[in-house]
Structure formats: C-alpha cells, structure tokens
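Chains here go by letter, A, B and C, matching the order in which they are written, and residues are numbered from 1 within each.
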Amino acid sequence: MPKKLVLHADRLFPADPAVRAIARRLYGAVQDLPIISPHGHTDPAWFADNEPFGNAAELLLAPDHYLYRMLYSQGIALASLGVPSRKGSSEANPREAWRVLARNFHLFRGTPSALWLSHVFSVVFGLDVVLEEKTADHYFDVIGAALRTEAFRPRALFERFNIEVLATTESPLDPLLQHRKIRESGWRGRVVTTYRPDVVIDPEHEQFRGALAQFGELTGQDVHSWGGYLNAHRLRRAEFARAGATATDHGHPTARTADLGQAECERLFARVLSGRFTPDEAELFRAQMLLEMARMSLDDGLVMQIHPGAFRNHNLWLSEQYGRDKGADVPMPTEYVNALKPLLDRFGNDARLSIILFTLDETTYSRELAPLAGHYPVLKLGPAWWFHDSPEGMLRFREQTTETAGFYNTVGFNDDTRAFLSIPARHDVARRVDCSFLARLVAEHRLDEDDAALVAEDLAYRLPKAAYRL
Amino acid sequence: MPKKLVLHADRLFPADPAVRAIARRLYGAVQDLPIISPHGHTDPAWFADNEPFGNAAELLLAPDHYLYRMLYSQGIALASLGVPSRKGSSEANPREAWRVLARNFHLFRGTPSALWLSHVFSVVFGLDVVLEEKTADHYFDVIGAALRTEAFRPRALFERFNIEVLATTESPLDPLLQHRKIRESGWRGRVVTTYRPDVVIDPEHEQFRGALAQFGELTGQDVHSWGGYLNAHRLRRAEFARAGATATDHGHPTARTADLGQAECERLFARVLSGRFTPDEAELFRAQMLLEMARMSLDDGLVMQIHPGAFRNHNLWLSEQYGRDKGADVPMPTEYVNALKPLLDRFGNDARLSIILFTLDETTYSRELAPLAGHYPVLKLGPAWWFHDSPEGMLRFREQTTETAGFYNTVGFNDDTRAFLSIPARHDVARRVDCSFLARLVAEHRLDEDDAALVAEDLAYRLPKAAYRL
Amino acid sequence: MPKKLVLHADRLFPADPAVRAIARRLYGAVQDLPIISPHGHTDPAWFADNEPFGNAAELLLAPDHYLYRMLYSQGIALASLGVPSRKGSSEANPREAWRVLARNFHLFRGTPSALWLSHVFSVVFGLDVVLEEKTADHYFDVIGAALRTEAFRPRALFERFNIEVLATTESPLDPLLQHRKIRESGWRGRVVTTYRPDVVIDPEHEQFRGALAQFGELTGQDVHSWGGYLNAHRLRRAEFARAGATATDHGHPTARTADLGQAECERLFARVLSGRFTPDEAELFRAQMLLEMARMSLDDGLVMQIHPGAFRNHNLWLSEQYGRDKGADVPMPTEYVNALKPLLDRFGNDARLSIILFTLDETTYSRELAPLAGHYPVLKLGPAWWFHDSPEGMLRFREQTTETAGFYNTVGFNDDTRAFLSIPARHDVARRVDCSFLARLVAEHRLDEDDAALVAEDLAYRLPKAAYRL
C-alpha cells in the first residue's frame, strides 16, 4: 500500500499549542484572500491562447530549476529529465523523466519544493498517495488525464486559484502581443507585464548587441546616441504601461548606482557601444542606468524593483551545453550602503518614487536593508527571494527586518515563479509563515492579536497591491 | 471605547509553558535589581538643573531618532514632528506633532520602540489606553500634567528608576560643569561622564579643525605637535576621570588599529593638520589613535569602548537640511580580525587593559567577535547595539556568542540612549530576553536552573559593574 | 554536599512536549548506532601502543584548546594549566592545573565544552557530582585511578565507544608506522589515516622548506622540479591509501583555486622554491595545488576535504612563547563562489570526484555553500565546524542549508577532535541536535515521521560512511 499523501491543516505552524492556536486564527482570516502576484515569470501565452498543458514532466519537472538542480547535484543527467539543451528539446521520454523524479523524491525532504509539490499534487490534482517509485506511473496518468480537461486549462486554473492580478516579466523587445490578446479576448483575468530591460542595459549580456539593434528598430530611435537610447526606453516603458505594467525590474550583478554628468554618460555609452569596455565600465554603465530608470520612474510612475547579487550561469560546462538559466546561478555577497548612495543622494527623499529592494545575501537584512528602508521614503523591502523563499528563509526575513523597518516598509509576498501550478502553494506557505511569526509575537505579548490580524491581512493582500500600485 | 493598554507580566517570555515558568522565576529574581547604565547619552544638565521636562512631543518624540526615522520612511516630514533643523527649532505645534505619532503608531508594530513606549506610557505615566488617533490628546494632556509635578523632575525619576549609576558621554571639549554641579549639589545620584574624543581624533569630522584649536586652549598644550596633542588627551582623560569617568568611547567608521613608529606618527599628524590628507591617511590616523588611547588606558585605567561600523549621515539632503544624527546612519560590513591585530599584537595579552567591542554587523558575532573575546584577555563583548538592541537582536547575540565566548566575556546591558524615560523599559527588555535565553538552556538541560539564576544576576548587575570598573 | 551531576535523558531536545516526544523517538533509534569518525586528530600511537593515559589534567585539559582558550581569555596563564610552551613541557603540577579548571568551570556555562565534559565525567568515568572547586581532588583521583585500569586503555575505550572506524590526520612526511603497527597487531579496531599535505603545499608555513626537503628524501623524487614534486604527492597519497586513507584534507587560509598552464605552474613553483615570493604568489600556489589535488583524486579516488578560513596563530606573543595551535586561531570572512570557480570549471561536473566543503563563516551557508552543493555533482557540505560545532551552531547549519541543499548533499557528523574521550559525547550531541531539528519539521508537518527516521539514520551513519567511501 502506498503511503497516504496528507496536507495537514496545521502545516508550518509552530508546534506549541497556544502559539499554533493563534496562528490558526490569523491564517483562517487570510487563507482565502485573493492572490496578488506582482512579480513572476509565467508565460502570458498560456493565458492568451488558453491551450491545455502537456504532461506531468513537461509541466512540473522540466521547467522547474529548483527540481532539476537538486537532482543534478546528485549526479542525475539533465538530459534524462527532459531539460532542453542548446541542441534543442530533450529526447527523454516524459514518463521516464517523471519516474526519475519519483525515484529520487527523498532528496527533497525538508525543502520548499517538497511542500509546494505536495500542495500541487493534493490540492490541484486531488492525488492522495505520496510520490515514490511505485506511484510514478499513477501520478503521470492522473496528471495527464486532468490536464486534458477544460478545468485544467490556464484560464480556468487562474480563476480557480483566485488570482486577482498576475504580473509577468518581459524583455523590452517583446511586442507584448500576448498581453494584447488577453486584453482583447474579453476574459476578465488581469495579467499585466513588467519592464525588464537587462538585455539592453547590461553590456556583458551575450545578446546585448543584437538586442540593442532590435531596440532601435522597435522604437524608431537612434539607440546609438545616448539621448536616443534613453528615449527608446521611455517609449517602451510607456508601451509596457499601456499593457498594464506598473513596475520595472532590474537584475544586476550588484546594487551599484551612479550619477554621472551628461558628457560622462555619453563617453561611457560610446565605450559600451564600441564593445571595447572593461568590466568596470560595464558595471558603471549598469549603475548609471539604474539612476536613469529611477528618473524615468519619477515621470511615468512605474515602481522600480532591484534584484542584485546573483552570479549567473556559474557552471561553465552546463552553460555551454544547456545555455542560460539552468539552475546554476549562485548568490554573492552584496553591498547596498555605498552602492545605492548615488541614487539615494539624487532621489532618496522624493516620495513619488518607489524602489523595492531584494537580496540573495541574508546578512544585509539587519545590517543594511532594514536600516535603509526604515529611513528612506523611496525604499521598500521585497520579500525573501529565490533561495530564501522558504519557510526558514521567510522567518529569518521577518526576524531580521521587522524590528528596524517594521512591517510597513515591506511589500507582502512575490511568488517569482514560472511554475504556474505552484502559485497557490507558494502564497499559502507565505501566509502560513507570516501568521506563524505574528502568532509568536502575540504569544510573547509583543503585539495584540487584533493588531496582528490587521498585519496579516496587510501582508497577504493590501501591501502588495499598494506597493506595486495595482 | 479605546483599547486597553496592558503590559502583560509574561511579555517577551517564550510561549512554551515550561520554559515560560523558568523564565518567570529567573526574571523574578533580577527584575528589581538596581540599574547599572554604563553607556548612554542622557544630558547631564537634566540632573544638574533638575528642571521639569516640557511636553510629550518634546520629551518623547523629537529627540528619539528611532521614532522619527520610521515616520520619515513613510513620507512624513521631520518638520511636522518637531525635529529641529539647521535653521533652528521646529515650528511644529507639539500637540500636532504628537497627533502625527499617534495616527501612525501602527507603523511600530513588532518594533522595540513600541515595547519601550508602552512601558513608558503604562509604568511611568500610568496610562491605561493604547496610543492611537483618538487618544492622542488624552495622552498629550496626561503626560504634560505629570511632567509639571515634582515626581517627574529628572532627579525624582532617576531615583524612582532605581538607577545606581548612570554614565553620560561628553566631548573632550566639554568643561564638565554639569557633572561638577551634580557632585557639588549634595544629591546622592551617581552620574558619571565618559571620554568620547572622536571630534578631535577624526580628521574627517566637520568640526575637527575648530575642535582641535579649542582642545589646545582648554589644555594649554601645543596640540599641533604630536607630543602636545597626546598630552592634551592625557590631561582631559585625567579631568574626565576626576568627574567620575571610568571609560572612554570611540565611534570610528571601522575597527582598524595601527602601531606606527614615532617618526611616522609625527609625519602622519602633520599631514592631518595640513588638511591635505587622503581618506586612507585619515583612516590610518584614527587607527593609530586607537592604539594611543589603549596605551593611555594602561596608565589611567579607563576602560576602552570601540563602536565601529556606522556610515554616519548617509542621507545627503537630510544632512544638509537637518544636520548630523538625524536617524540616517546605516551599518556597514565590519572586519575585526585584521583590523585589531596591531593593537592586539601590542597589548592583547596585558590583563590590566580592558577593551569592550561593539558591532553593527551581526555576522561578526560568531565568526570574529566571540572567537576573539573567547581568547584575548583584554577583550570583552559589549551587548547587542543600536539596530540590534531589540528582542530578536539580543537573542541572536546570545545564540551566536555564548557557545564560543561564554557569558563571562560579555558585559551585561547598555541602554545607550538619550531617551531617559525609556531606561527602565530598556533594561527590563534586556533582563527578560536574557532570562528567556537562559530558560531555554535550562529547559533543554544544557544548564542547571541555579546556575542560570547566577548568570541572570551577573548579566543584570555584576558584570556591567565589574566590566566598567564602577 | 556537592551538587549532583545528572545527564538528563532529554538534554538538547526542544522543550515543547510534542516536539520532544518526536525527538526522543527519532534519537532512540540512532543513539546506539556505531560511530563513524571520518575526520579527527587523535594520535594513532594511542591505538598502536595501547599504553594507559596519564592523569585528568594531562588527558582532558592540557591538550584541549577549547578549554584553555576560555581560561586564558579570563587572564589565567597557560603555564598554570600544564600547556607546554616552546621551552618544553609545563612545570605545572597536574593536580594544581586541574584545580584551576575546577575553580573556573562556571566560565563554561552554556558552552559545548561543558556538555562534552559532563558526558565524559558521567558516562565515561561514572562521576556523580559536578566539577567545582571542592570536588576537584575527588575528580582528579577518580579519573587517575580509572586511567590505570585495563578498561581505560585506548583500545578498550575504542571498543566501548562502539567506534566502527576512526580517521586520524597525518602529515605527508609521516612514515605511518603507527598505522602499520595497528594493522599488524591483529587488533580489530579500524583506524585509518588522512592525507593532510599543508606543510609541503603552503609556502608560508614556517616549516615549508625543511618539510619539502624531507618530502624529497622520503619519496626519492626531485621535489625541486614541478613534475617531481607532483609525483612525490602521488607516491605519498598511494602510501596513505595503503594505510587505509580514503580522504585528503586541506587547511588553507582561503578557498581559492587556480587552473594555470604547465609553464605558469613551473614558473610559480620556481618562485616558491626561491623563497622570494609575494603573499599573492603563495596564495596562487596553494590555489593551484587544490586543483592538482583534485586531479589526483580523480585518479586515486581519495575524497577531498577543504577547510578554509582560519587566521592561524593570530596572537603574536602567544605564538612566540607557546608556538602554533594554542587556541589563538580566529575565523575570517570566506568567499567560495569566485574562489572555487577554476576548480569547478575544470572538474565540477565529474561525479567521480567528491569534494567536501567546510566553513568558519556561517554567512556562506545559505548564500554560497548550499546553492553550490545543491547544484554541483562534485560538492558536498561538511558539518558545522570548530567554533560552530555546538548545539546552536549545528542547528543554524541545518536551518540554513537544508532548504537549498537538502540533507543528501551533507555528510553527517565529524568530531574533528584530539579529545578522544569526548568522541561519544560529540556524536551524541550531533545526533540529538539533528533529531531535534527533524522533530520540529515533523511537528510542523513539513516531513513525515517515518521519513525523518530515515534521515536521522542517514545523518548518523549511512551518509558519513558513503561520503568518505569508508
């Protein structure tokens, strides 16, 4: 007999009965609030076309770098998991790939992936036995059958998940046709885009030169002049705003900003265009562009997100064989206090601007980020991110930021995911962890329970909506 | 009906009933011990003149950068809070300023400011409803009325607070008249000073050159010669010691120390005096001066405190409009192992010297500070400081230092505050958190309860008294 | 009446009754598993010669730098504790030295040393009163009497401790005679060696030049040519493998690796041999040698351990008077992501290689080490090390690595000790802490109890055995 899959109603709540009772009450009042998903990486084509998803492996395994990086770390070849390489899509049989995951599912004990997947299996698909070698085929069949039904089409799931608004993330080169198609379809789901211009801002991006050329064509601007280049950004930002965007996003190696004079900017831009720039010049250019983006945000009202600190594509061989974004990004120490100073010197006190900071370096929570966000009107703290978007990680975030920045300089939860089916699971984990943290404050008489209830609602719903101007 | 303000007797204790019971017993034995406040920033004039304090806003809001930095971070103008600017005192109506705080008091949910203020409101002023918009005037009136009574004059509060000794902090240029007045008044309260020479040690301090000139006049030394300059320090230190000082304090950007030869010192000092020094030379001069201060401590017995790691006055605009120390200081990564080596190479094994280290970079607790203090006879660890002087911060301090440095290389609590009325609240929080930490060790059978009781008393009373030679 | 010494059956388990009950069950199933000790510093001569140990001070105090560093930090002279200096063995009377420890045993409240020693006193020696001034002589006498019995000879203790395999650590210059003697003795205890070549790899080691000469003699290689030098390593590694070694160990100041061409290696090696090298060149040489060691591991199958990040012998005076390794090592910030890249670029995807990473910088757990080990097939994480090998430290390790790297990229426990009698105590602490962490996951419904039971067994027994190829 396979083991039963049970999602315990009290999962993630503290064990102490008194604290748990408080957590349960706080969570009870927020568990069914609509989902605000202001930062994520789902594919807008899903909602534009509303085609059925494929099969368990293709939907749940091959695109989820949390899953295949863990399997890879134990010597399992990506090819066997259906992960496409530079040579094209994988030849792995999806059912076989799924069996590999099932056979190795013990590797995920204690990880958020196990929590998220259990939620997807149980709540979304109604499965009632655990995933293991002997239930692999059962899973594959049940999931496959469900995906062929109307109820599992993207729009139906979106509605079933009670998503009030979902932001996707697009390149400035994206013509945003999917978003237009969604809008024009008459479907009532709200899917907005986000302006993510890294590919035309980072001179070290492998596609930079080609992307820049396209950027010029798309906007009709002379993107080889500094003024034309900035103008092209302005035009695309306006186009994104028309497609519902309320935010931009910037994934730089560091948080460095700069505030150069006009002539210096032009000289630097010329160097960047020449292709003969040093790493320092590339860094300085990205730094200056954060300031330019902030300046444009003051004009067009887009909220600015800064996601620094990842060493992208760290694994040389994997990058050569499989390309970018294959679970081989690694966090680096990240500095904010000096890095952000030029930007803050220029705009830090202008409350019309809103900048949401993220980090992969948890040491900055109490040392730099909470003190900065607890002082500057323009700064807010994004939630625990990526490797730290996990029960322990989210708890550390609250424990290390609340006392200096409070709850109201934070912005609620981001799921930041391309795993569409896990969105309810992720928001549920975040709500449970926040309620657990609040319950401890209540139990220790550091906060009244009715105040805690207000905070729980703010974190689950009101703050993300307000912070992202949704 | 406004909500009741209740300070729960078990606040800050762990929720588990068994652990809470132990914490309660441990705390019960230390809660009424006299307060030793060996490091703080109250104004000695309060105790010299014993004049009544003004009103709620002037006493509790305008001088408390924990409060107005949080309000400012949410876009509230400092001018509306009664914070004086470079142009002079604020024109804000104190009652209106207080209403702004009341209206926004939810911002402090989960912060130590809320804990401290609730204690002040409830215990010091006997208020029994929570602070919110509709109770703002009630608060303002009750507090104002109390402050006009004899029982709320500074000396009466000092006695009511059961303060055994209170250290203030003065510039070397301070003539210490207030301390003399206190001593000569016949009042039995013990208020001592602390030698804080940053303004004549930091060549980058905006007042350095003027301060140096005054330093020469005050001491009759040629402070433009290296020997005379050092002598001026010796004379002022002796004067401070006569005014009760048992300690010096040094607030440098880093913990760097240096041990240069005589000729090098003279050359470096000449550069500093010339005003044409590099940032590195300024840093080296501060580094050398930490060594000189240690050398003098060996002679005069003053305990040395090092408080490194703040980026002071980070907000350019605010600094221009409002001046220094307006809640815009931000911690930076801080390194100790290499930084302190020159000083430790010279004096690290001389048990007559005592150096108390602080940090704003919690990553150094387990990595650098506990290993250093757990080995060098001259080093002790100051308590969790500033942004980390909070329940979670104090708990992290104990969790991350005790196993390597023990309890006996730490020095009890510092309130480090200019908010005089919050002193009992702050010591109470520290005693509760230490007892909570100890209670967990007892409950987990890592420490006997009678040993824990001894440690609790040591932390609350004996260690600060001994460490500061009071 | 002296206070009773009681080892509580539930020590180190969480206080909450439900969590504690789970922890107790998990621990119950692993508490008696054989000890796998794959990394330590006991003296193989003990097992080769099987001579009785001396007395309490000589066995338990003088060699234990955890103990005498704490005593030294409070101004107690090492000479009084029986710690040998450069001038030779201490003249301290062992009984007097033991009394100093007893009188100051309160300094260890809340430290792992207190836990370990209590276990040794109670379980190994059957003592039933606590160590304090008035029981010092009783302790000294009881321990001394026990050590003169057969049951306390090294081999008898090894068997009583249920050690399945114990790894020692030797210099490449060690002729491994003790290990041969053990093997040839017919005794069934398994004691293996570990190849620790720092002394012939670190050009800054004070014994480097002499060691290199010996290295050449011992191997018959021309160790002044790059090829001969590498060959000497190959020969010694093979000899170590024949003496049971399954691993190498590398204690470098940083984790830096390099992948230079043949000609560059030869040039660098020539600089190193010349003695006229810069600190950078020394660092680069160590970096290159990590790559060479990895390459050799691919050939001979030895598992590679990297232990970076200690500032060795930080106390100048102590080092001059007492020599190396006298409790004056201090952790430094340590970087892995860039440091390991050359090695990982070369061998990171080759699953035949196994590299176990350690750190003294806990900030790297969630930021660098878990993400690296959770991706690269060659990497695993060693347990919480040295200053962090303590209940709080081990808990932080699990809390900060599990969610990204899982349990199965970790390798169980290392005792890393020369304090032979404390080995069961240390493994017991590790098993209790791991079971406590797992119990919390179970109580919070993040892991089934039967899965947790499997993980507990894996961590206690199966993972170290597999990871070290024992």
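We adopt the following convention: a contact is a pair of C-beta atoms (placed from the backbone, for glycine too) under 8 Å apart; a residue touches a chain by one contact, two chains touch by 3 or more.
Every value quoted in this text rests on a predicted model; they were computed, and no experiment measured them.
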Check your understanding: For chain A superposed on chain B via Cα atoms, how large is the rotation, as a multiple of 5°?
Key -> 120
**Study point:** Equivalent interface positions on chain A and chain C, same or different at half
**Key:** different
Revision key, fill the gap. Between chain A and chain C, the Cα-mean centres are separated in Å by 40
Review point. For chain B, which residues are shared contacts with two or more other chains?
Key: 14, 16, 363
Check your understanding: Once bound in the complex, which stretches of chain B touch chain A?
Key -> 3, 8, 10-17, 69-70, 72-75, 106-112, 114-115, 311, 314-318, 327-333, 360-363, 387-388, 390-393
Point to revise | Touching residues on chain C, where the partner in the complex is chain A | key: 14, 16, 18-19, 335, 337-338, 341, 344-345, 348-349, 351, 363, 366-368, 370-377, 379, 399-400, 402-409, 440-441, 443-448, 450-452, 454-455
